[in-house]
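Let me begin by presenting the structure, written as structure tokens, before commenting on it.
Read from first to last, the chains carry the letters A, B, C and D; within each, the first residue is number 1.
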Amino acid sequence: MNALETRLRARRDAGRKLLMPYVTGGITPDWTEYARAFAAAGADAIEIGVPFSDPTLDGVTIQEASHAALTRGATPRGVLAGLAGLADLDVPLVVSTYCNLVFRDGPWAFCAALREAGASGLIVPDLPVDEADEAADAAAGAGVDLALLASPATPAPRLAEISRRSRGFVYAVSLMGTTGTRSALGPAATALAGRITGLSDRPVLLGFGISTPGQAVEAARRADGVVVGAAIMRRVLAGARPDEIGAFLTAMREALDDPGA
Amino acid sequence: MMGDVATRAAAPRAMGVPGERGRFGDHGGRYVPESLVEACREVEEAFREAWADPGFRGELATLLAVHAGRPTPLTPAWRLSAELGVTLLLKREDLAHTGSHKINNVLGQALLAARMGRTRLIAETGAGQHGVATATAAALLGLEATVFMGERDVERQALNVFRMRMLGAEVVPVRAGTRTLKDATSEAMRHWVGVAGSAHYCVGSVIGPSPYPYMVREFQRVIGDEARRQCAAALPSAVPDHVVACVGGGSNAAGTFAGFADTPARLWGVEAEGGAGAALGRPGVLHGFRSLFLQDDDGQIREAHSIAAGLDYPGVGPEHAHLRDLGRARYVTVDDGEVTAAAVRLARAEGIVPALESAHAVAWVIRAAGSGELPAGSTVLLTLSGRGDKDVATLMEVL
Amino acid sequence: MMGDVATRAAAPRAMGVPGERGRFGDHGGRYVPESLVEACREVEEAFREAWADPGFRGELATLLAVHAGRPTPLTPAWRLSAELGVTLLLKREDLAHTGSHKINNVLGQALLAARMGRTRLIAETGAGQHGVATATAAALLGLEATVFMGERDVERQALNVFRMRMLGAEVVPVRAGTRTLKDATSEAMRHWVGVAGSAHYCVGSVIGPSPYPYMVREFQRVIGDEARRQCAAALPSAVPDHVVACVGGGSNAAGTFAGFADTPARLWGVEAEGGAGAALGRPGVLHGFRSLFLQDDDGQIREAHSIAAGLDYPGVGPEHAHLRDLGRARYVTVDDGEVTAAAVRLARAEGIVPALESAHAVAWVIRAAGSGELPAGSTVLLTLSGRGDKDVATLMEVL
Amino acid sequence: MNALETRLRARRDAGRKLLMPYVTGGITPDWTEYARAFAAAGADAIEIGVPFSDPTLDGVTIQEASHAALTRGATPRGVLAGLAGLADLDVPLVVSTYCNLVFRDGPWAFCAALREAGASGLIVPDLPVDEADEAADAAAGAGVDLALLASPATPAPRLAEISRRSRGFVYAVSLMGTTGTRSALGPAATALAGRITGLSDRPVLLGFGISTPGQAVEAARRADGVVVGAAIMRRVLAGARPDEIGAFLTAMREALDDPGA
């Protein structure tokens, strides 16, 4: 078991609900400050997106963020270099990006670069389990956890396979849709989390659309934690500074820690 | 190139059923969000079952005949042949209903969608040809249609937008990214995620996740199958020496090649210089499939550029990437200037104003005729994928 | 109307070879300047000789098949039929090369012109459909083409003007009179006077001096002959109860009717309210023939008005006038509003965007279905003379 | 033999070259003044055009004149009424117009109206001999000469028929083209005149394109006279008054009378 999964399991087993905030790498010149703010606000892992020109699973917010970062000159190399500067944080770094960037120089090279930059996890939303063999081997070889995604449409046997082959955690997609904030969490979300936890004891993080402390609490009732992406990036795109994002996450952290409050 | 012969001999019969997980050699596959895997699987299952059902095939054949005007003729290009010193035969997809080969695929998918109980078609479109074809098939079969189109294309192709709406389709302008075909495709996929239970995503070329590249090729193989029979009647050699088609995503080429894959005919795919996925692309993954894409060293996808809106796509269908790897087909490029000159030349010589996409194939034949690639005296089958009516405004600007 | 039966019984078999001097009953003839009599006579002689020559017919049939895409399909309009309570079959001339039935006539005349040793085609055009078809046939057969077009139409139909020029034709704007089709026709005749020895006047409909109305009908009868065979296969009754076509000059209608003249099918010609020569015209002579024309009490010809440029002609072919006299065909009118509504309805129901000319026929069927004229349960063959691509800009303005 | 032909034959037989000028009826409010000027200048007959909306055998000048006259409100009835006002002139009046106007109320009615208005001849350029039976009967019945046209393309036997069936004179069309002025008379013109005079002793007038005294003289070498139309109407459209047209015709008359001068 690699660093990421070990850490998440330990925290979960200690009764803590997990919080993984997301930032698009390169979105601002000092984007790593957002990651520092995440850590300060009590993130259990930090997801860093390496922007891709054609983010087919992302909604408008992260599309816009990716576009803005690329326009600013963000590159995979540059984002990983930024990550390396976060080595002092005691929070696992999870890179998320699309297949094409992983495969450009091959998944072995990509995973080795992740490792070198200090990342311990990888999410590739357009890499379903059936296509994941090589990337999974490469990730394992580099000591990086390749987390797989599960969706409300995933049938039972396949869900078992995903739960089994995922590393680090299982990324439960809350709804049939793209990333982006939603006004309410659908019933499919917690149902899926429940189905996965029934199949595997790997941590389950629920993501897509979680944008308020209330939603996070609701999600964490069945899941082990939440991923918060578009809700952050919407604020970042609107000009929110790291400390403001930190405050937003602190509120979420507190709600997760004390759902009754 | 020494490896070619061995590879070819070892390769499974080219253009058969793709391998496991929709692979064509290294290419193809199903690189989609988990949320779409089940939807793709359902399409695949439904297609395999339908395609094995003579009832479905018969229904499609009837629609193609009575509604879309198949078979399309094979026209000997008498005067151009004489000028070029080769025997040039044109497979006339420009005469198919809605003006291009796109209708073949779309009728197949619409019929499949209805069989699957879907009530709506989703499609992406660039110039609007696939969108119009989709809107047409939807109207015919009583389905709804939602067509995603880059905002820039919506502006540039106002007439086709109106045609789609007149046919009852909803046209959704896509404001993301470069606001063209690539982004419309991404947006159509995003939309499909949410509605896969009731809507069928009607992909417009031999691209996309498995089973699309295979399915679309099968729906387009009617071009090649007809041409094969027609060539047998028209040519003493029965099979032409060369088979040529333009390649955007590659559906008209794939459909054509499929009819000749098991013959000695040399297969040529002609791409736009600025959209040459097969000729100039590098391996990658986009829109659900692994193939060759125009991209930078980091893997960011490049915007394609071509005077022909239908070739304005940075990738190429996975089977073409595989045929290139095998050496079974070759991919070449022509530039915009050659294309407009070829369109005018075909118009003057044969009374056919081709789509600018199709004019790419003509341009290459004009350039290559008499060279080592296309020696004098060769017989050439060229698929004229569409008619040029839609391009007249563009030509007026550049000529 | 009591006289009808007697007249019909006494009449020579309708739609046979016209009488002496190209007469259809009281209509037809050859009212041309003496300078053109010899040219017309040569055309007549050449046509009669060619039409009796299986070699010529075979050559034309081949061109129509390999170049123009014949036979065109017969499409059952399933959904519209269900809505209207009649069985509606569409003869799909919209799928013919260049987008309408005009190509049938033009290939025939171009082949004849070449046989006569002519090196150039002259044509008049309104919207540009006949001009594009003529330019196409000229390119194909290596002839030159000069197309006369009213200056106002040149402005309104810029795309078709460009298409003709791209096909190598010379387009001559006509500044006379109302600067529309009627004047373009006059100007083409004037021009022909000076060049009859080397150029063939390729008239675009069943109008003009003898032998044109007969010759053009014969070149267009391929529509009716095919439809007759196709109906025999598609309908239990073999012959439809009703045969419907739009009427400008009347060539697609004449070609269609010719296939059913000897059957009990009722024949319906649908005219534009503002261009209804057959329904509202009075006997007169123009452009070389005697027929029915819109005119004032003095005999001055009225300008026609229709949303469909191809029906913007104040007269009607002489054979239609004769069929009306005989009661063998009936002529009805629809207005522009009904026409655009019918175009949209056909698009939505069947995935076919018709030419506005053709939409006239559809509009009448929609109006008449279920009435005494077209009782519920009737079988109806409707010739869809062309596709609507050319009309999209017009529709965008009015819808 | 009716009045027109009798008069023309007599003059020709007296050695005079015939001059028939043309005016579009209704072209100006006082258009009949042009006819009076023609007579004063020595016209042997006067051709009056009844304007038609679609003059398919006319070139731009007479098209424009017809259009202008119609726009001014010219009607067949009105033009014939104008003719009736010229009864005092001792020059035969020849009406020219297109089939459609002749056939509107039928050729019998039309010819009767001509007669009543004092016209003695009729020219219908789109009525070839093959179609002329009824109109010829009607004209004959009304005592009006229906002059037929012959063209350079007319083959010999047909030319004989035209010469035989024409009344008043034979109108020899000088060239394969429409009415309108030309810079030179083609060789076909005089050849045709010669062919007709060899077939019939009916007067032969050559028309189309004759615009200068020199051309008139050249034409009259083989023909019995000339028709001058577009050359006049071009001037009328440019604003020339009847006396100016009279002067133009006087010059032509003099040249015809004394070709050597």
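Rule of thumb we're sticking to: a contact is a pair of C-beta atoms (placed from the backbone, for glycine too) under 8 Å apart; a residue touches a chain by one contact, two chains touch by 3 or more.
Everything numeric in this text was worked out from a predicted model, so none of it was measured.
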Which other chains touch chain A while also touching chain B? none
Quick one: point me to the chain whose Cα centre is farthest from that of chain D. A
Approximate Å spacing (C-alpha centroids) for the pair chain A, chain C: 67
Report the inter-chain centroid distance for chain A and chain D in whole angstrom, where each centroid is the mean of the CA atoms. 97
Rounded to a whole Å, what is the gap between the Cα centroids of chain C and chain D? 37
List, in ascending order, every residue of chain A touching at least 2 other chains. none
Sites on chain B at which at least two other chains make contact: none
Which of the residues in chain B come into contact with chain A in the complex? 21, 29-35, 37-39, 176-177, 182-183, 186, 189-190, 193-194, 196, 283-288, 290, 293, 295, 297-301
Give the list of chain A residues in touch with chain B in this complex. 52-60, 63, 67, 70, 75-77, 98-101, 103-104, 125-131, 148-155, 158, 162, 173, 176-178
Per the contact definition, I'd like the list of chain C residues that touch chain B in the complex. 65-69, 72-76, 79, 92, 94-97, 99, 135-140, 142, 158-159, 162-163, 166-168, 343-344, 347-353, 389-390, 392-393, 395-396, 399
